[in-house]
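Both complexes shown next keep subunit A, but they swap its partner, so subunit B is in the first and subunit C is in the second.
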Partner chain A sequence: MEIVIYGIINSITLSLIAIGFTLVYGISRLPNFAHGAIYVVSGFMVWIFLNMLHLPYLLCILLSLIASGIIGGIIYQLALIRVRGMPISEIIASYAIGLAILEGLRWAGFKGLTYTLPSFLEGSVIILGVPVDFQRIFLVIIGVSIVLFLYLFTHKTKLGLALRGMAQDERAAMMLGIDSDLMAVISMALGSMLAGLAAIVLLPLGNIIVEAGYQILIQAIAVCIVGGLGSWVGAVLASFIIGFAQILTVAYIESHFQMVVALLAIILTLIFRPSGLFGMQKELEERV
Partner chain B sequence: MKGSFRKERIDRGIKVRTEGIYAISSWREMGYLIIPRAMLIFGLLLSPVLIPSLYWQRVITYVCIYSLLAIGFDFLAHFVGLVSLGGAFFIGVGGYLGAYLNTYLNLPLYLTIPISSIVGAVICTLLLLPCLPLRGVYFAIITLMYPLIFMRLIEALDILGGTEGIFGVSSFPNQWVEQYFIILCTLFALFLLRRFVNIDVGLVFRAVKDNDQAVRASGINVTFVKATAVFIASLLGCLGGVTLVHIYMWAGMSLFALDFSIIPIAATVIGGGGTLVGAVIGTFILVPVSELLRELGTLRIVFYSLILTGFVIFKSEGIMNYAQRKYHQFERWVRV
Partner chain C sequence: MKGWTLKILTILTIFLSPLFLSTHTYATKPIILGCPLSTAFVYGWDAERGIRLAVEEINAKGGVNVAGTKRPFKVEVIDTRDLEPGVPVSEALLAVEKLILEKKADFIMGGPVRSEAALAAMDILSKYKKVSIVTTGVLTPKYHARVLKNYKRYKYCFRITGEAKWMVTGEIIPCLLEIGKKYNLNRLFIMIQDVAHARAGGKIIAKIMKKKGWNVLGEPEIYPTGSTDFSMGLLKAKKLGAQVILIWMDMPETSILLKQWYDMKIPALPFGSIISAAEQPGFWKATEGKGEYCLANVVNAGNAPCNATDWTMRFYNAYKKRWGIEPEAYGTSSSYMAPYVLKAAIERAGSLDSDAVIKALEQTDIMGVYGRIRFDPKSHQVIPATDPKQGAVGSIFQWQAGKRVVVFPKSIAMGEILLPPWMK
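Now for the complex of A and B:
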């Protein structure tokens, strides 16, 4: 029972982490290697707002969500917009920006185990004989509602439909009067906000550390590749697969192998089904 | 009414002459061809003699190790179209293998270096093989992941010396052997690879970057070509790694450090991608600067990343492409 409940929680954690990355890649075909950096930055922003400016917690969360969205938009507008369509430069530029942010934070003294966020609500409940604290319940609620929200947003609103149009066929979308760069900025800002949200929900469970940026990026990428780059359904499904696999390895083998599970999942996917479970790309485009 | 002008760029006469048999018609033409190359070769060969301080001689050695990585990166990125974000992976595999062979199996230095370069390159190629049949960002992602995961595995499982590392690796007989070995390796790698990409085999590699469907239609196995390229690049990286281990006399988790991934990329972009020699020149600029900035700690990585982003976005041709253009061509204004 414990495995089932914590497996579900872990899976929803993974999908929260990955959904921002897959959103950006799905819409603008931009591998955002700065995803983990934005995650860490928004965690630290909440910490700064909370402990240095002494704002109320909810306000801190809102402010840092907005700020991380703006950071994502700025990264796109200042840097990535100039190298779009050049895969080598896109990868190098976004990776370098992410690295600059993370190592800059480390240099600025944000390291060690002293940075923690308070959880939303202390305490725990017992579900089917397993104690689960309120923060993890919040996590599940927020994760599920984010997925639902994104589904409604992309299927019902005009902006969401425009974003989906971009994802399906950029040229046709442009022909219909959808501003490609504007949509890409929006997708990047939205993706960064989702990374920020993941940070805000997840970080109260542990410390804010800079190294988390790399781990988050790896996990996000693993989920996205297994699910098929750019596919949201695939990402959610893949996070359940990887999430349960990780919990099972922790329970039966050893906790150090969590990262290896992610890597193995990627490699097996690339060997047997390169476009992922729900790949949006056609086989021929992916495989030479 | 003044007419408008545009800039015209024309090859110098001497450049055209030196492309054919007329290159040996006079000293001037021969000098035009030889001087830039000779400057690089003699500059590298004389640098240990000319630089008095022991510390900066050691820096030259590091420059050469980073150059090997950067040449590999440039080759993969601009001739085969694979972006490797994990130079540290090559260094780490080569280094740990060398340290293991040297301390546990007691192999001497002149055996560990070739064995661990080649075996390490085979290991790297096999580990990267699953993402080679695919296009797109997969290769970059996997190469980014491997060094991080290897680092965690070594830390978690406490294998290969764990967090302490492997001590007692034998050193080079003396400092001159060490320096000239790595300098000669760098020069050989540079000129061989330059030759390699310009002969028929190199044409296939470039074709994989530009139009892989055409390569496939020609009956050539694209995955095999890519695997060969990865083997070459990781051979250079592993060679750098095992040399580094013998210089440090120690192998540890810092072999998987980010510096080895980011400096070669930054050096290639700054020096000029697609020229191979640009990568070497880039490291000659970056590594000494990084030694000067040593006390700044991780701010150095921020500094590289920002320079890198700036160059990628605003000046993507890099120093060497610019210099070559100035050397081979002249510009003039013509009336339109």
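Now for the complex of A and C:
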């Protein structure tokens, strides 16, 4: 039973980490390699609001989410807009920004174990004989809520439909009067807010460390490649595949192979289905 | 005209006098200590602080007497980043070479911190004939074994801090046996990090504890550097009926492990052979007290408060005063001692010549922060002991009510080992 419970928790953790990255790529075809840096910055912002400005926790979370969104928007407006449409340059530019943010944090002295966020609720509960702490239960609830929210947002709201229009065919969307750059800014802001939300939910389980930025990026890329770049449904499915594979590896093989699982998934996907599980557009291009 | 001459002379005297007054400072060339350290991690920055504190103290007293000339120490640090996930050994080697070639380091001190990087750096030290004193990290017994095996090539390498073999046989095993005897525990579960010293340490402990009659449950659980979820391993420990969980990990994510251990109320005592997160004074706040009862090995005395020697608390308080925080991790007291030991060796040698300093270092015998400090002349490893009068003494503490209480060895213990309430 612990495999099922912690498999679900691990899968939803991966979903939370990857969904912002895949959303940005899905809408604006921008590989946001600063995703991990935004995750870490969001965590530090909550910490600063909470411990230095002594604001209420909920307000800190809201402020941090807004600030993450603004950072995402600024990154697009100041840097990525200039290299839009040049995939390699987009990767280099966004990775460089992420690197600058993370190394800047390290240079500014944000290192060590003292940066931690409090859990939303202390304590644990036994579910079918398996102990699970409340923070992880929150993690599952928030993860599922986010997926539902994104579905409703992209299917029921005007803005969401515009974003989907962009994702499906940018030129056709532009002919219908949808502003491509505005949508890209919105997608970057939304993706960054999702990275921030992941940080807020996940970081109370451990501590805020700069190095996590690199790992988060690798995990997000792994999930997105397996799921199909740009497909958030694929990302969720891939999270469950990788998440359960990692837990099964720890349970039945050896725990130190769990990192290999994600990398192996990337390799196998690239060999057998380069477009990923739901990367329909790429698959079409490949056939042509 | 005479008035003008006087005025010019007065102005020149005023402006040039500082130069003449400071001639003494500038005339004596500093002895450069090149420190390759992973400064973003506690084992790096704490070592740097230890070295800097000692250097400041030594320089304040006039510096090092090199054949009659007083010369100050100067510290040059380069971040090796070798404690980061992926263990970038090449970056650490570049840092060592840069210290030697660009910073003109006379001696290397501190790291590289990760065993893999330090072993690789031995050849660089040999190539440039630079005497090095490892003060933090580098727990692998291979380090001094290589010196022993090929003295001529690796004679430049000294280690003033503990190493895994002694830690296991001289400290961890006796401490585990003491816990077992006191609370009637004998079921051990091992969780280690996927790095050289931890893998070796975990394997040796499993082997010895089996021989000592303990029930070692399964194979050691090995986690990659940077792991953030330990739930399955902890549940496995609970399922197998573990009573003690031996942890050997030097990554900051170990605080997650202990938070999970507390949240799951795993009925087993966490014993950190190396557990970087729990070593630090900030650990209590970082885990909101969830890490209480965790035992942590800080390798040398002086890294947690105790009275091993007269110098121990003097160092502890001086460090606290200088840096505004207690010594945080296992490489601190040893990093502090290294400049003092080197100073004494240089003064005995009367020069900075590598061969002369090596001979002098081999003759080291001083009562330091963590006991009597001597190097084995053949392997250049500091000689360990459980009695500070005999050698370099280790230190294992337990978190109790927000404090780091030294519980082992008995000769320096400040309290007794306690079990968490859910184990009773």
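Please note the rule applied: the second predicted complex is superposed on the first by the 283 of 288 C-alpha atoms of A that agree within 3 Å, B and C clash if a C-alpha of one lies under 4 Å from a C-alpha of the other, contacts with A are read in each partner's own complex, and residues count from 1 in each chain.
By our rule, a residue touches a chain if its C-beta (ideal position, glycine included) is under 8 Å from a C-beta of that chain, and two chains touch if they have at least 3 such contacts.
Model, not experiment: these values are computed from the prediction.
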For this session: Assess the superposed three-chain arrangement around subunit A: do subunit B and subunit C clash, or do they fit?
Result: clash
Exercise. Where does A:259 make contact in the superposed view: on subunit B (first), on subunit C (second), on both, or on neither?
Worked result: both
For this session: Report for A:271: first if it touches subunit B alone, second if subunit C alone, otherwise both or neither.
Result: first
For this session: Identify the partner contact of A:79: answer first if only subunit B is touched, second if only subunit C is, both if each is, neither if none is.
Result: first
Exercise. Counting only touches as set out at the top, which of subunit B and subunit C does A:10 meet: first, second, both, neither?
Worked result: second
For this session: Have a look at where A:106 lands relative to subunit B and subunit C in the superposition and call it first, second, both or neither.
Result: both
For this session: Determine, under the contact definition given at the top, whether A:124 touches first (subunit B), second (subunit C), both, or neither.
Result: second
Exercise. Thinking of the overlay built on chain A, is A:141 touched by subunit B (first), by subunit C (second), by both, or by neither?
Worked result: neither
For this session: Mind working out whether A:133 is in touch with subunit B, subunit C, both or neither, as first, second, both or neither?
Result: second
For this session: Using the touch definition from the top, say if A:209 reaches subunit B (first), subunit C (second), both or neither.
Result: second
Seminar exercise, completed: The clashing stretch of subunit C against subunit B, among 2-10, 20-28, 38-46 or 110-118, is 110-118
For this session: Show which residues of subunit A both subunit B and subunit C reach, each in its own complex.
Result: 106, 214-215, 254, 256, 259
Exercise. Can you list the residues on subunit A that touch subunit B in the complex?
Worked result: 31, 33, 79, 82-83, 87-89, 91-93, 95-97, 99-100, 103-104, 106-107, 214-215, 217-218, 221, 225, 229, 254, 256, 259-260, 262-263, 266-267, 270-271, 274, 281, 285-288
Exercise. Touching subunit A in the complex: which residues of subunit B?
Worked result: 77-78, 81, 83, 85, 130-131, 133-138, 140-142, 144-146, 148-149, 152-153, 156-157, 212-213, 216, 222-223, 258, 262, 265-266, 269, 273, 296-299, 301-302, 304-306, 308-309, 312-314, 316
Problem set entry | Parts of subunit C lying in touch with subunit A, wherever the complex brings them together | 40-42, 45, 84-85, 194, 219, 221-224, 226-229, 231-233, 235-236, 252-253, 255-256, 259-260, 263-265, 277, 280, 282-283, 285-288
Exercise. So in the complex, which bits of subunit A are touching subunit C?
Worked result: 2-3, 6, 9-10, 13, 106, 111-114, 116, 118, 122-124, 130-131, 133, 205-207, 209-212, 214-215, 247, 250-251, 254-256, 258-259
